[in-house]
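Below, chain A partners chain B and then partners chain C, in two separate complexes.
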Partner chain A sequence: MTTCLRILDRDALPTPKDEQWKYTHLGRALGARLLNVQPLAQQQILVHKTVGEICKEPEKIVWKGEAGNHYQSRFEIVLEDGAQATIVEFHEGEGAYWKNMSTEIVLGANARLNHIRIQKDSVDAVQTNMVHISMERDSHLNSFSINLGGKLTRHDIHAVLNGSGAQCQLNGVNLLKGQQHGDTTIIVEHVAPHCVSNQFYRSLLDDKAHGVFQGKVHVHRGAQKTDGYQLANTILLSPMAKMATKPELEIYADDVKCSHGTTTGALDEEPLFYLRSRGLNESQARMLLIQAFIDEVIGKITDSSIQTRIKDMVAEWLKKQLN
Partner chain B sequence: MAATEKTIAQVEKLSGGYDAGFYTEIESEKAPKGLNEDIIRFISAKKKEPEWMLERRLKAYYHWLKMPEPDWAKVKFTPIDYQDAYYYAAPKSMENAPDTIDDVDPKLLDTYEKLGIPLREQEMLSGVKNRSAVAVDAVFDSISVATTFKKELKKYGIIFSSLSEAIQNHPELVKKYMGSVVPYSDNKHACLNSAVFTDGSFVYVPEGVRCPMELSTYFRINEMNTGQFERTLIIADKGSYVSYLEGCTAPMHDERQLHAAIVEVIAHEDAEVKYSTVQNWYPGDFNTGAGGIYNFVTKRGLCEGRNSKISWTQVETGSAITWKYPSCILKGDNSQGEFYSVAITNGYQQADTGTKMIHIGKNTKSRIISKGISAGHSDNTYRGVVKVMPGAENARNFTVCDSLLIGNDCGAHTVPYVESRNNTATLGHEATTSKISEDQLFYCMQRGISKEEAIALIVNGFAKEVLQHLPMEFAVEAQKLVAISLEGSIG
Partner chain C sequence: MININNLHACVETADGEAKEIIKGLNLEIKSGEVHAIMGPNGVGKSTLSYVLSGRDGYNVTDGSVELDGVDLLKLNPEERAALGVFLAFQYPVEIPGVNMNVFLKAAVNALRKQRGENELDALGMLKLIKGKSKELGISDDMMRRTVNVGFSGGEKKRNEILQMAMLEPKFCILDETDSGLDIDAIKVVADGVNKLRSPDRSFLVITHYQRLLDYIKPDIVHVMADGKIVKTGGPELALELEEKGYAEFLKAEEQEKAA
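And now, the complex of A and B:
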């Protein structure tokens, strides 16, 4: 770890030149105070399921943050062949802190993981999270991530589909307001043939929030019969909000089906008009439409109790923002 | 011609590969090899340019020395040795500019004839070539050989000439507009062009005039080891309309050649400019990738006035490397930008092409339709930017970019950047990547169409949305070109 810090010292944080298109100004978000805080001893949580182990109950893991701290954390989820689990990762905290995380997800053959990440860090916090996923033959990952908190958050996901028949679902919701900056960057590498990957992200940006979505599907030579899909929709609720989207495809195999779509805009007038003609007032109508927009992603979560909980969180956020 | 002969000729044409690859033996005058201040002074003197033009060139040259190469495109090539090329080459016979087309060296005219571009107005009008009238500016290496229909166009007040002539005859227009859309400091290739550009076309369409014929420029690189640096400037004044075509070919040489061009288009209030390109530079050797043209082009249009419109249509089949992003700056309220592109790569070609749509004015609209087809060992990338500035209320964009892969050794990539800073703007983007389905092929073959022809048919259908935006006769040419470019990609 000291070597890592030395490298950080030497190469410093990324500059606008490294990230011309979507610069995350980490230095400014952290401020001189947090940048120079010595990190707390490495926090580490390891979830390990052995061959064939099936856990029915969701397992909840909480990452807390306290003002003035700097965390270098490591989170590992390892599911051996045929294991099944549901992991709920919850982030919360108070005051200004920096959580720099490295998450490693390793799925053996036929493993099934439902991964739900609820990020409700304090509005002054900074979270940078690098996620590595490696998937073996016929493994399934159903991942859902909701970003609510944080002054600046950056969620980088790098998934490698090594075994044929692997299925990777990456879904997420970003609800940003104030001066929040939320960045989701995804790279899915199809190394083996016959894999399916799906990215489905929806964002709501209010006030002066700045959202970034960058998704990439990289199909290696030989990864035939790949099915890759990306969809990113954003609704800008305020004239000052800003969204940058970059869905990328990089394809080196010819027998594949890959597509992506993105939309960015305001709430559609026509359904709004329809609902108002049915007697709903404007705020009710807006609320209903926006909720439906977000619910579509939440619907991808298989566990119904978690689904309801997240729906409540979204409703609470919307109530605050829309009224 | 009897039908059978026609078929034979067609088949021969199809199997000939790159049929514009011949070299014209002609004595030419070149500037000394390399690039330095003297060369720029040499070019400027050759063109008898005024002092201000030379100053601009030198300013660009000194800036160029300091500029880094753009490195973000997904293309790989050995660095260019800028000192190992000629920056000026012109046929000797053109030294004293011929007054009429009859004084032009017949060898030059034959070259264009062979390429299917007749320069004699008589022939075109008498229908020998069975074509509708198209005014042509023919550029051969570094200079313009002839510009047709000048007199006819003058009646309408339209200025259509080579850029060198325009600098002499209309310095006020050139001074005002040149560099206003693509500044010399834009990128390294554009900067080089600003320093050493040799010729190109100049078009000015006055207020309220609808240009009665298609204007076109045909670029030909002939000499070995030369670069072509042409520059085109099109100005459409209030309420005018012009459709402009550009075609390009080069002989097969083993060395790589640099082509760095700039095209600037300015559309004032209510004006419309339609710019079509059929790019067929020599793509390099099919099996080894040796030779070919580096096509590094900066094309940009400015929708200056309200309700103006600029539309780019391009068919890219040639060049070893293509680096090209025809763009629109939508500054005027209600202005519109369009981009239709078919890019086909085969052999060892690499293409990184796309567009930028910058929405500044209110109610601005843009539409992007891009079709990429890759075969052989080639790489084909779509790279586009749609940017909505805070003031661009109700801006609309619609983008579709589809890719088709033929074979297992090629690559197709899509890199769209979408940035929205206005919540009344609506942006949509769609992209797909697929291969030609076995079912489609099977159906065609079962009807007696050979595999190769079936692929050409399916690809043409795939590209139809773009090809239909080309002026009619070019659309037919383009369809043939599509078939030729894909030759050898299967089986």
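And now, the complex of A and C:
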């Protein structure tokens, strides 16, 4: 899928043969109408911070979608050595459209990027987003992504840790309902030694929603003292919801600390009973437990006002789904 | 007052079958009284505590349970809590991500609401939590953590008693609250319980050890075996049990009955 989407050729949409594992049927999601629409001229947004530039205020970038359109978009975030920024990437829209994006994040030595992606595309939209990240020495990325919208979304993240001491945090939350399909696919490549990478994803799937998480940590020969972690937990709120999870480690260095863990299931009965025995009714108890489950990921966002905004979005979603 | 009459209850096993654990249990605890239940492992003591507090998967097949004349078995766990049933768990559950203060506030206000009382405001809540936690020697640090996560065995049990003190129950079940406590902590917990003793509150204390009963003096001691009460007596019964051990005690009982 990766190569095909890069070429952006609609005649060469990926086939099951192109996918190693879970095939995302893009053609079916797009339907004949969107497949045959000519893409609009490429939209491009470039955020560029020069050496040592420090931006304290979060910068918000909105990607809109309109019914019937096919977008080929390019988003570049380049932080030169020592630059610091917080970027909020916001997706919204109406009707059926296809956003096919290519995102490039380049962090110079000692750069600091907080990247928050809020995906609230229309429930009829398709978003395919290929993210390529490259990180130089001692750079830090704290990325958080929340997927709420979209009929079908695929967030492909390929991070390459080129410089020693780089720290890459990829956190995310998926809240899917109806017949939504949300796919997060991550490859983190530890090329340099002494780097840290962390993937922390939590999902709530209701109705007939379908989630996919495939995350891989690839430690190259010579990338000693790597710390690489992956954690993906899912709560199924309905018996018809489905989650496919595949964590992977591929390690060619001998002095590394890597681990992964995944869980998928209904909400635990024991904590639910504990709370109810203290007087909370069933829906209060469920709300408290589920909110706490998601808040643990949201807590990784450093900006507290963004944290609050995202917690509110989650609360709103939960109120609709749980009542 | 709690009345348990000819109670039979089953648990749902992992393969979906019903297994009878409580087999015709009778028990009456008057308001203001403390009763202890002792008995070997696996006879159904914790199961009884779950049945009384309304846990899913524990089904009553016969008999009745009334608290001050109200049929408990028709009610769900939160309604029983509002009526005044409180279970201090044998194994308190960890609740990741839920802060102690948030949890206590939610519980206190949920109960007050069900009982038709005004919810406490932030200041009232703070005072209540501070006062009660200080009495039980619970540190501020513990109150900032998430519920039971990473708590030591003793801290978990103290936390149960803290909740009991805050929720003002009428019928308290303490399931092995002494296990995992060191000698000093047993005293703290027992003091906490003794402070709550009052003419309109009754206690069911499940324990394996006489030591707890040295501090929480029971009015009546029951021995439970195979899902029912097989012997009832005064505090001296606990001493006799401790001396003989269950096996010998139960054998002697059987022989007595046969004779």
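Before moving on, here are some points about what is shown:
By our rule, the second predicted complex is superposed on the first by the 311 of 323 C-alpha atoms of A that agree within 3 Å, B and C clash if a C-alpha of one lies under 4 Å from a C-alpha of the other, contacts with A are read in each partner's own complex, and residues count from 1 in each chain.
In this text, a residue touches a chain if its C-beta (ideal position, glycine included) is under 8 Å from a C-beta of that chain, and two chains touch if they have at least 3 such contacts.
All of these numbers come straight from a predicted model, not from anything done at the bench.
In the superposition on chain A, contact of A:289 is made with chain C only, not with chain B. Here chain B and chain C are compared by how many residues of chain A each touches, and B touches more.
Of the two partner chains placed around the shared chain by superposition, chain B is the only one that A:266 touches, whereas chain C remains out of contact. When both complexes are overlaid on chain A, the residue A:42 reaches neither chain B nor chain C. In the superposed model, A:279 makes contact with chain C only, not with chain B. Shared-chain residue A:50: touches no atom of chain B or chain C.
Legend: residue contacts after superposition of the two complexes on their common chain; A:255 is shown touching chain B, with no touch to chain C. Touching chain A in their complex are the following residues of chain B: 72, 390, 403, 405-435.
On chain C, the positions that touch chain A within their shared complex are 53-57, 76-78, 80-82, 85-87, 89, 92-98, 102-103, 106-107, 110-111, 114, 146, 163, 167. Interface residues of chain A, counted against chain B in their complex, comprise 20-21, 221, 234, 236-266. Residues 269-271, 273-282, 284, 288-289, 292-293, 295-296 of chain A are the ones that touch chain C when the two sit in their complex.
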